[in-house]
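This is the structure I want to talk about, given as structure tokens.
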Amino acid sequence: MDPLSLREFEAAARARLEPAYYDYFAGGAGDEVTMRANEAAFGRLGLVPRVLRGVGKLQTGVTLLGCRAAMPVLVAPTAFHRLADPDGERATARAAAAAETIMIVSMAATVAIEEVAAAAAGGELWFQLYVQPDLAFTERIVRRAEAAGSGALVVTADSPVLGRRERELRHGFDDLPDHLCCENLRDGDRVRPIVLWPELSWEHLAALRDMTALPIVLKGVTHPADARLAVKHGASAIMVSNHGGRQLDGVPATIDLLPEIVAEVGGALPVLLDGGVRRGTDVLKALALGAAAVAVGRPVLWGLAADGERGVSGVLGLLRAEVEHALTLCGCASVLDLEPGMVRRSC
Amino acid sequence: MDPLSLREFEAAARARLEPAYYDYFAGGAGDEVTMRANEAAFGRLGLVPRVLRGVGKLQTGVTLLGCRAAMPVLVAPTAFHRLADPDGERATARAAAAAETIMIVSMAATVAIEEVAAAAAGGELWFQLYVQPDLAFTERIVRRAEAAGSGALVVTADSPVLGRRERELRHGFDDLPDHLCCENLRDGDRVRPIVLWPELSWEHLAALRDMTALPIVLKGVTHPADARLAVKHGASAIMVSNHGGRQLDGVPATIDLLPEIVAEVGGALPVLLDGGVRRGTDVLKALALGAAAVAVGRPVLWGLAADGERGVSGVLGLLRAEVEHALTLCGCASVLDLEPGMVRRSC
Amino acid sequence: MDPLSLREFEAAARARLEPAYYDYFAGGAGDEVTMRANEAAFGRLGLVPRVLRGVGKLQTGVTLLGCRAAMPVLVAPTAFHRLADPDGERATARAAAAAETIMIVSMAATVAIEEVAAAAAGGELWFQLYVQPDLAFTERIVRRAEAAGSGALVVTADSPVLGRRERELRHGFDDLPDHLCCENLRDGDRVRPIVLWPELSWEHLAALRDMTALPIVLKGVTHPADARLAVKHGASAIMVSNHGGRQLDGVPATIDLLPEIVAEVGGALPVLLDGGVRRGTDVLKALALGAAAVAVGRPVLWGLAADGERGVSGVLGLLRAEVEHALTLCGCASVLDLEPGMVRRSC
Amino acid sequence: MDPLSLREFEAAARARLEPAYYDYFAGGAGDEVTMRANEAAFGRLGLVPRVLRGVGKLQTGVTLLGCRAAMPVLVAPTAFHRLADPDGERATARAAAAAETIMIVSMAATVAIEEVAAAAAGGELWFQLYVQPDLAFTERIVRRAEAAGSGALVVTADSPVLGRRERELRHGFDDLPDHLCCENLRDGDRVRPIVLWPELSWEHLAALRDMTALPIVLKGVTHPADARLAVKHGASAIMVSNHGGRQLDGVPATIDLLPEIVAEVGGALPVLLDGGVRRGTDVLKALALGAAAVAVGRPVLWGLAADGERGVSGVLGLLRAEVEHALTLCGCASVLDLEPGMVRRSC
């Protein structure tokens, strides 16, 4: 029987993955407080539907930075898809394209962005970037992303150093197996290591702004003051994210941080969110509270590990069906009909 | 030993029911958050009794839309009683009549409304209606309900599509066995399927208003704005309901939604409630917060599955005894003596 | 090893008691929500000590209605002590007298008040009364209590009917074994049953007021409006009590109800409290929030069942030691030094 | 594999310690509510990082009362280190010195302060003092602490009597084994017992002030009024502490008490804190809320019991690494960059 929920996809994935790889994908930093909080916080929010609104044909599509997505659920950037499936990011990209949504390709992909783009066949891709201290190298990566048709750069801001994930330390997992590498880090005839860079600052973001015409999504914003700074420094969008609980443990759930950030930016740019989205109703809650769209990371990996491209299609299809179903039950013909008054802190 | 509480009736029912049927009755949509919340929310409300008020003879009866009920607890509409007992809705109706309370007969009953009415023998019946897109067919159903003596139409507003209940999907339960059907859906020589209709709107409610002189109870209202619209569109009563957690998962507990809705309608019409009522004290809490009466769904099915008509009588008798007992302990001679100051959020 | 805490006394008692008798003492009404809440609510209150106050000799005694108690912990009235120990209330009274505190003797004692008084030997006794509809009989009981030296009448207000305790129903426990009876209900050559009386009202309290010069403690007040009425009707004290969760299930924890009631009576009479007191720190929290003293019911029965008079002495001694210890740690030389600012809702 | 977290150090320690000694170190007073609350309260606080602040070289050092510590984490005073390791406080002192932080040596150390100082070899020591009723003896102890190079006196204010720890009572643990004693209590040719002194008052603190030029840290302050009094009576610093939950059970978590105390003293003196610090993020939360530094007690003992000096170094090294890591992830180049707006009550 096909999995009935994202949770069942995780169970299927866990059954098939090497434990060390499962834990690499599933784990979080420190005591995993933030990771659990992301999901739990959605559960504490109630959704109050409207009735008798004669909802007919649904409109679930959104336009983000000029890119069309058939649903307000994007594929979040996650590393190392070939640990989950031999086709890796190619399979993910085919499924995302089939679902007509945007895949944010990780800089730490195990398939090169050009091959991912080729596999996606008309699908919309954005490229996630850790700005490298060697800015010339960073520019070469950006050029590859542009050439591959990336519609935006998603710049990770929450990773001046790597989060400390004890599951990985326990497994001794600290690198890809020999036959895999971060293909986007190829530079001439070598593969460079990803450098996380504590000196990264707003000035470098300005440099990046000058480097490319692509819109820049600043990912990893959780403090309202930084949301304001992102507007000021010309970000095209922000993504409220605590890196799925994989970086600083103790950051509040993203859905709990969202309202203040939405209020802070006041419509100056679209606000995306990832972290803990496991149900169509979670998507609706985030949109009702002001998110333009959400992204899902681990669920896509569970689909990929469970059944390759077909599994990712299953995950995205399930989310789409749940979003449509929940919208109808909420009396909303469009995601634009969702508004804050439909969300209650229910306990 | 007879069950001492509604929970014990559920245990007895579970022991006797086909697992697929138990899960059909017991289950809820999605992660069943709303289903559990309905019960849990009553537990978080404290009841502060009054003392030394010389309560003598109790008055537990209520008059709802011109119908008398001996207690403020109605039988909520639930489908497919013949899955629980061969006599099905006939048994339920006999027990409800004996308890002198109102049974809301489901449009999805497995016994025709006429036969239920015949079995009820003077008992008060209301008829639950999913408005069908074929309005002429809807009118034929309404006429049958009128002819059978239904005292009101209970129009379900929370079901533009069917809730997604994973227990049912896991069992592959998607239809009645061959010897059963929705008898109220007979139309000439066929039985039509129930159509849930996303286009249903306030305009159709107006059409229904014109179609019959029966009072209309709008069931499934959870948003205060919709309560206001129900008043405006001429509903005779509303029932705050999240469909027992079987439709949109994530809706707050009905008892938590009640006060705002009561405030919103300001006495313009009676407000009923279902969802999570398992104790006489739950009934008192709802009435103290402004409900005119409550309805119980699953507990009636547990009584029916446990012991047929006798079991339903047991459930209703237990609730009546608990209501009377709690009223006396609260120093209230009548359900009208309950007031909001007797309810506290206790933790 | 002697029990180190009241909880250990309960374990010891449970090991020795008939299960039906254990459950009679231990159980509560309905889902036992109130019973558990009484204890849990103390756990949610924090106690903020003062330091360097040079506390020397402690003053733990209190004067209540002219009666001196060496500590602010009374023995709450509980029924049927001979189910716990052959000496029953005699043993309890000896221990209470030795502890120099007040024992509130239950009208449902299995030893007559005269014999309890004889056993107490100079100990202070109060008498708990269910006002009987036969007021002449009630007066005969009051006279016996007066003659036995009772220092106050504790009139139970929360029991117009008996609470429904499912543990008792499951055991079929509904009466004392043949060799025991409620000795205070002897009337001539028969033993009358205790009648719980729903018609009991403030007027009867006035009649009782006229019947005796003893101070009247009204027990079972939980609503602030009733506290105000108690003052108006001449009660000498009130006891905030939900009958240990044995009457109406769903009443908030007494410690959570206390502050509003203390504010309501504004010092017009002393406010006592029972329900959930299991530690010396619980006693301090109640006193800091305005209680003049507290009473303990079940713990005394656990002591009695565990080891007769010696067990009750152990329980009262432990509480006294814990009160003294906590007072010292709080920098309070006297229970009068406790004040609301030392209590915080800690989570 | 070396322990990855302080929790793993506790597991390792537990595996090596005599159960009675483990419970002596691990246990708390009463129901251990306060002990658990200390840790749990940190978990309820969220930490909201800043991004893109170009954090380069970190500054984790603090200066406290003129003493330099390389990180804002001190070794809290704890008794009886030789129960955990044969070298006892010598080993702890060597590790603290190597970590360049301040060790607060307990008056109840099993190694004399002079020998601890010799072992520390240039490490910074403070001396914890229970003021003894024999003030001349107290003065002799203070002189020894001064002579050994103690940089401050940490005067314990929360122990007018000893906390009642039931784990110890159950084990019958009430004294050191024969070969150990409290070496700082040697007085001539005898070892005097530590006397906890309920009469200790602010006046004695004044006497102590006159007795020595060392700065006095008042440890065990939890009530804002006492924080104000500490300022008035010339304390040089206060330490918000509930003695790790070992004295009065029911005191709120120290991190929950901190903000009000910080507000109360208004910068008049530095505020330290201990209780429940188990992660680098806990340190950051305390500092963001106004603490000048924190101290860790039990974790040091777990390191010591697990692996002697090397274990303590592991614990302090892990905390330092976690503090640095969390600071970087928070976008803070220095502990001084932390501010209250980065902390949220997250649920």
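For the reader, a short list of remarks on this structure follows.
Residue numbering begins at 1 within each chain, and the chains themselves are lettered A, B, C and D in the order written.
Assume a residue touches a chain if its C-beta (ideal position, glycine included) is under 8 Å from a C-beta of that chain, and two chains touch if they have at least 3 such contacts.
Everything numeric here is computed off the predicted structure, so don't read it as measured data.
Farthest chain from chain A (centres taken as the mean of C-alpha atoms): C. Because chain C and chain D carry the same sequence, their contact can be compared by residue number, and under half of the numbers here are used by both. Per-chain CA centroids place chain A at a distance of 60 Å from chain C.
Chain A and chain D have CA centres that are 42 Å apart. Chain contact topology: the protein chains form a single closed ring, every chain touching exactly two others. Pairwise, the chains that make contact are A-B, A-D, B-C, C-D. Interface residues of chain C facing chain B in the complex, by the touch rule stated above, are 30-31, 33, 37, 40-41, 44, 157-158, 160-161, 163-164, 166, 169-170, 198-205, 218, 220-223, 225-226, 229, 247-253, 256-257. Those residues of chain B lying in contact with chain C across their complex are 1, 4-5, 43, 45-56, 279, 281, 285, 322, 325-326, 328-331, 341-342, 344, 346-347.
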